[in-house]
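Shared between the two complexes below is chain A, which has chain B as its partner in the first and chain C in the second.
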Partner chain A sequence: MSNVLRLVWFDFKQELNPPVWIIMQWFTFGMQLAVYGALISRLVTGLGDYLQFYAVGFVVMMTFEIGSHTGRHFVEHAHEGRLPYLLSLPIPRRALFLAITLQGGAELALLLSVPLFVTLAIIGNLTVISVAAAVATLFWLGFGVAGLMLGLSFIAFRSADVYAAITAALGSLIIRFSTVFYPLIFLPPQYASAAFLSPLTYGADLVRLFLGFDPSLLLNPTYAAAVLAALAVCTLGLGVLLLQRLVEGVKSG
Partner chain B sequence: MLAVETKNLVKQYGKATALKGLDFTVDEKEIMVLLGPNGSGKTTLLLILATVLKPSSGMAKVMGLDVTTQPTRVRQILGISFQDARGFWRHKPPEILRFHATICGVPKSRRESMIEQILKDLELWDARNKLFMHLSGGQGKRLEVAKVLIQRPPFAILDEPSSQVDLRGKRIIWEHIRKLREEGSTILVATNEVREAEYLADRVTVLDQGTNVVCDTVRSLKDKIAGGDIVELHVDAQDKTDLEKALSKLDGTVKIASTGQNQFRAYVSMAESWVPKMTSLCYKKNVRVVSVRVTEPSLDDVFLHFTGRALEATPTVE
Partner chain C sequence: MSEAKRILQVARNDFSYFFRTKWLMAILLSLNLSDMLVVALVYRKMMTFNYFQFFVPAVVVMGLFAASLDTGRRIWLAIRENVIQYYLSLPISTHGLVIAYLLAGGLAALVYSSSLLIIALIVLPAQAIATIFILMPFLFILAMGLAGIAATLAALASTHGEYFFAYQQVVQVFLLTFSTVLYPIDVIRQYLPSSLAVLAAANPLSQASEAIRQFAFAGAPIQPVFLANMLIVSVPFAVLGGVAYSFALSTIRTKGKL
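Let's turn to the complex of A and B:
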């Protein structure tokens, strides 16, 4: 276990030295909430305080982007040759993948800490259990998205440019066609159908449910939890499988 | 026990086959050099032995451990220096070595002194405060080799250990590799540099297009080339034609060519046994030998002899 933590810390500490990217993410969240969120919430009626809805949505969107970044980071490491080096170290494969996952989780926790704290402060009046459930949902969503990006990484091994284009396009579709910034019941039917295909719909609605938003605006939580669980398990499993095929090759005989 | 043993080892990348049923062995505590052009399968073999790649079929064992079924145990006894420096781009050389040494179980009490010593030996001490991404190609390569030197594993793999390194640096790296072997490590080096192979090898395996062409000591490989040794001979002879005839009949002579007045070029096998025969012949014929110059074949010639192609002119497969 000590080697796993050593691996996580060795790479992760560079994110803090200096923590420019982290502070920029927090700054972006603050600006977006203070300017755009504050203004748009004055225009939107019928949803209670839209600033709260918007803040949660933005945190979910950040979760997607951080998860996506983690997956992409892993692919870049494979290209740079860091992954073969890690694969040659005297660490069991399970421990290595655990270290990579923990690093992604630690990055997610650090980047979301301030935005999430601000969002919870705006919403207020929450229990420890509801906050813990919301945080767990965000992590689960983050792992699912990272797994999705790992699953797509086989494209990157052929063309990094095509991979970047596909993930950027996919990212914009997944965010726009979801309930991150607008409730499902307000969406036109064709948009609503598309929203059901976005994992962010399930993540955003489940987080909002735990944070006390009106359940009539949200998806069935059992359904949302099941979809998120399936997404994380399937994409992470697929990602690991594909990477093993691509990086280590496969013993076929 | 053999340090490395592969049987019918095959590795395919899609439709391309990098290793075609390779049979290969390395004895304990020897420096085995894999010599071959780019695309001959050297790096693929090394990565399979390091358990970074999995074979498509066949068997590979390191110190008796199967690389497919016991990969973690294999990794615990080996260290690898990759062909390209593998980096944590935003870390400094001492941090990278400290991390590597810690993960590989180098005792804490010796770690810092070893890091300092290796950095100084490999002339990286002045670059110790640079980030990895700011190191030159040669410095990055030295750092890659330093990982293995600090680890001092029972089985060390070095893929082109001195490529991109200047001549002085090459010599330093080679000395350290030999010292590692003297301490009891088994070493497998892949290279396409003839000088590196000649300097380091106890034995050489010539790889070409994923197969083991030949394996032997450098001396034996050179001796296997009939007429590979060239003897430039300058004599003071009354009857040059008679001497030429007699030399051409000597055991080991492949061809004699006259290169000037009283000068010959003899293409012979095993010059070290041919030259004494030649001098006694000259003595019997009362011919004074003015000078003898022996040129032995290089490993380039060995590769050419066994594959029919020059080492540097071989097209790449991968």
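Let's turn to the complex of A and C:
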């Protein structure tokens, strides 16, 4: 375990020195919420308090971005030649995968801490259980997304350029075609069917349910929890498989 | 070969590099098209105000802005990867290189945003399509101004990638949120202090979005004062960017690094 923690810290300290990325994430959240969210919520008449809805959506979007960053980071390391070094270390592949997962989790916890606290403060009137359930859902979603990006890494092992293009485009579309920023009832029917394919729809609606939003605007929670669990288990399983079978012989550069 | 011809060759090289970057094209197109065809449409259903009509022309300006800012990334990459040393060894002056980058940045942004404009014209009927051709040169100058901002950031950040992307994000967030690209000026005036509302109205992105909305899509007659304002807010940025990048290049030429 100490080897795993050492590996986690080795990567994590690079994010903290200097913590530019972390500060930028918090700054962007603050500006988007205080200016964009506040102004656009004055235009939105179809929802009670759109600022609260938007704040939760932004936190879910951040979870997605941090999760996908963890997955992409692994692929970048493979192409920068760091992966062969990690594979040569005297630790089992399972421990290596655990280190990548833990690092993603630690990054997610750190980056989400301030935005989530602000969002919970805006919503107010919450119980410890509802907050804990929302946080657990966000982590589950984050791991699922990281696993998805790892799962797509087989493309990167053929062409890093195509992988970057696919993950970038997929990222924008997964966010836009979901209920992150608008409830499902406002989506045109053809977009609503696409939203059912986005994992963020399930994540965002489940988090909102735990935080006390009107259930009539949200998906069935049992359905959402099942989809999220399936996503995380399947994609992380695929990640383990990739790490054990496919990473050998990945060309650097 | 004349200096002008060399400038055009370097500009052509940088221009084609922008369109050959697959991941960048994927990000820009997926973001801008989904903003135009998904976000604008869904928000329209959530508001009593016709947000689709308001936002679709503004997405063209958002595309212009994002593409112009990429000039900074290309300059920063050239500095970090030392490609800049190769450029400095070419038989072209430092000023020539600066002009080439700003020209390429402005033109790439204009071509990219024109593709968005075509899609905008398909989904939203315009009252005065011919007016768009009058606006083009002004949008080009604006794109050069925005490319100038990006060049300044690249020169400031030197080889520190994390700082460059942080500066770029700060500029992007400030210029977009304090503008009339995303919401009407009336809402800004109601909610933000008057000084910020004045800044939002004077923002070059606001000027460009209002010009496309009013003159091209709504069909209002072009006001020369408005176009002059666009120039006034764009040219200083292009000059500042040119000076900053020129200074950075001169430093690299004499010291070998920034």
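The rule we apply is simple: the second predicted complex is superposed on the first by the 246 of 253 C-alpha atoms of A that agree within 3 Å, B and C clash if a C-alpha of one lies under 4 Å from a C-alpha of the other, contacts with A are read in each partner's own complex, and residues count from 1 in each chain.
Heads up, the rule we're going with is that a residue touches a chain if its C-beta (ideal position, glycine included) is under 8 Å from a C-beta of that chain, and two chains touch if they have at least 3 such contacts.
Fair warning: this is a prediction, and the values are worked out from it, not measured in the lab.
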| item | value |
| --- | --- |
| Touching partner for A:L47 - first (chain B), second (chain C), both, neither | second |
| Touching partner for A:D205 - first (chain B), second (chain C), both, neither | neither |
| Partner contacting more residues of chain A (chain B vs chain C) | C |
| Touched partner set for A:M31, first chain B, second chain C, both or neither | second |
| Which superposed partner A:R176 touches (first chain B, second chain C, both, neither) | second |
| First (chain B), second (chain C), both or neither touched by A:L89 | first |
| Which superposed partner A:E80 touches (first chain B, second chain C, both, neither) | first |
| Partner chain(s) touched by A:E107 [first = chain B, second = chain C, both, neither] | neither |
| Chain B versus chain C as contact partner of A:L39, first or second or both or neither | second |
| Residues on chain A lying within both footprints (that of chain B and that of chain C) | none |
| Of all residues in chain A, those that touch chain B in their complex | 3, 6-7, 10-11, 14, 17, 80-82, 84-85, 87-93, 247-253 |
| Contact set on chain C toward chain A in their complex | 22-23, 25-27, 29-31, 34-35, 38-39, 41-43, 45-49, 51, 162-163, 165-166, 169-170, 173-174, 177-178, 182-183, 187-188, 190-192 |
| Footprint of chain A on chain B - complex, ascending | 10-13, 47, 50-58, 68, 71-72, 75-76, 80, 82, 84-91, 95, 99, 102-105 |
| Contacting residues of chain A [partner chain C, same complex] | 18, 20-21, 23-24, 27-28, 31-32, 35-36, 38-40, 42-47, 50, 161-162, 164-166, 168-169, 171-173, 176-177, 181-182, 186-188, 191 |
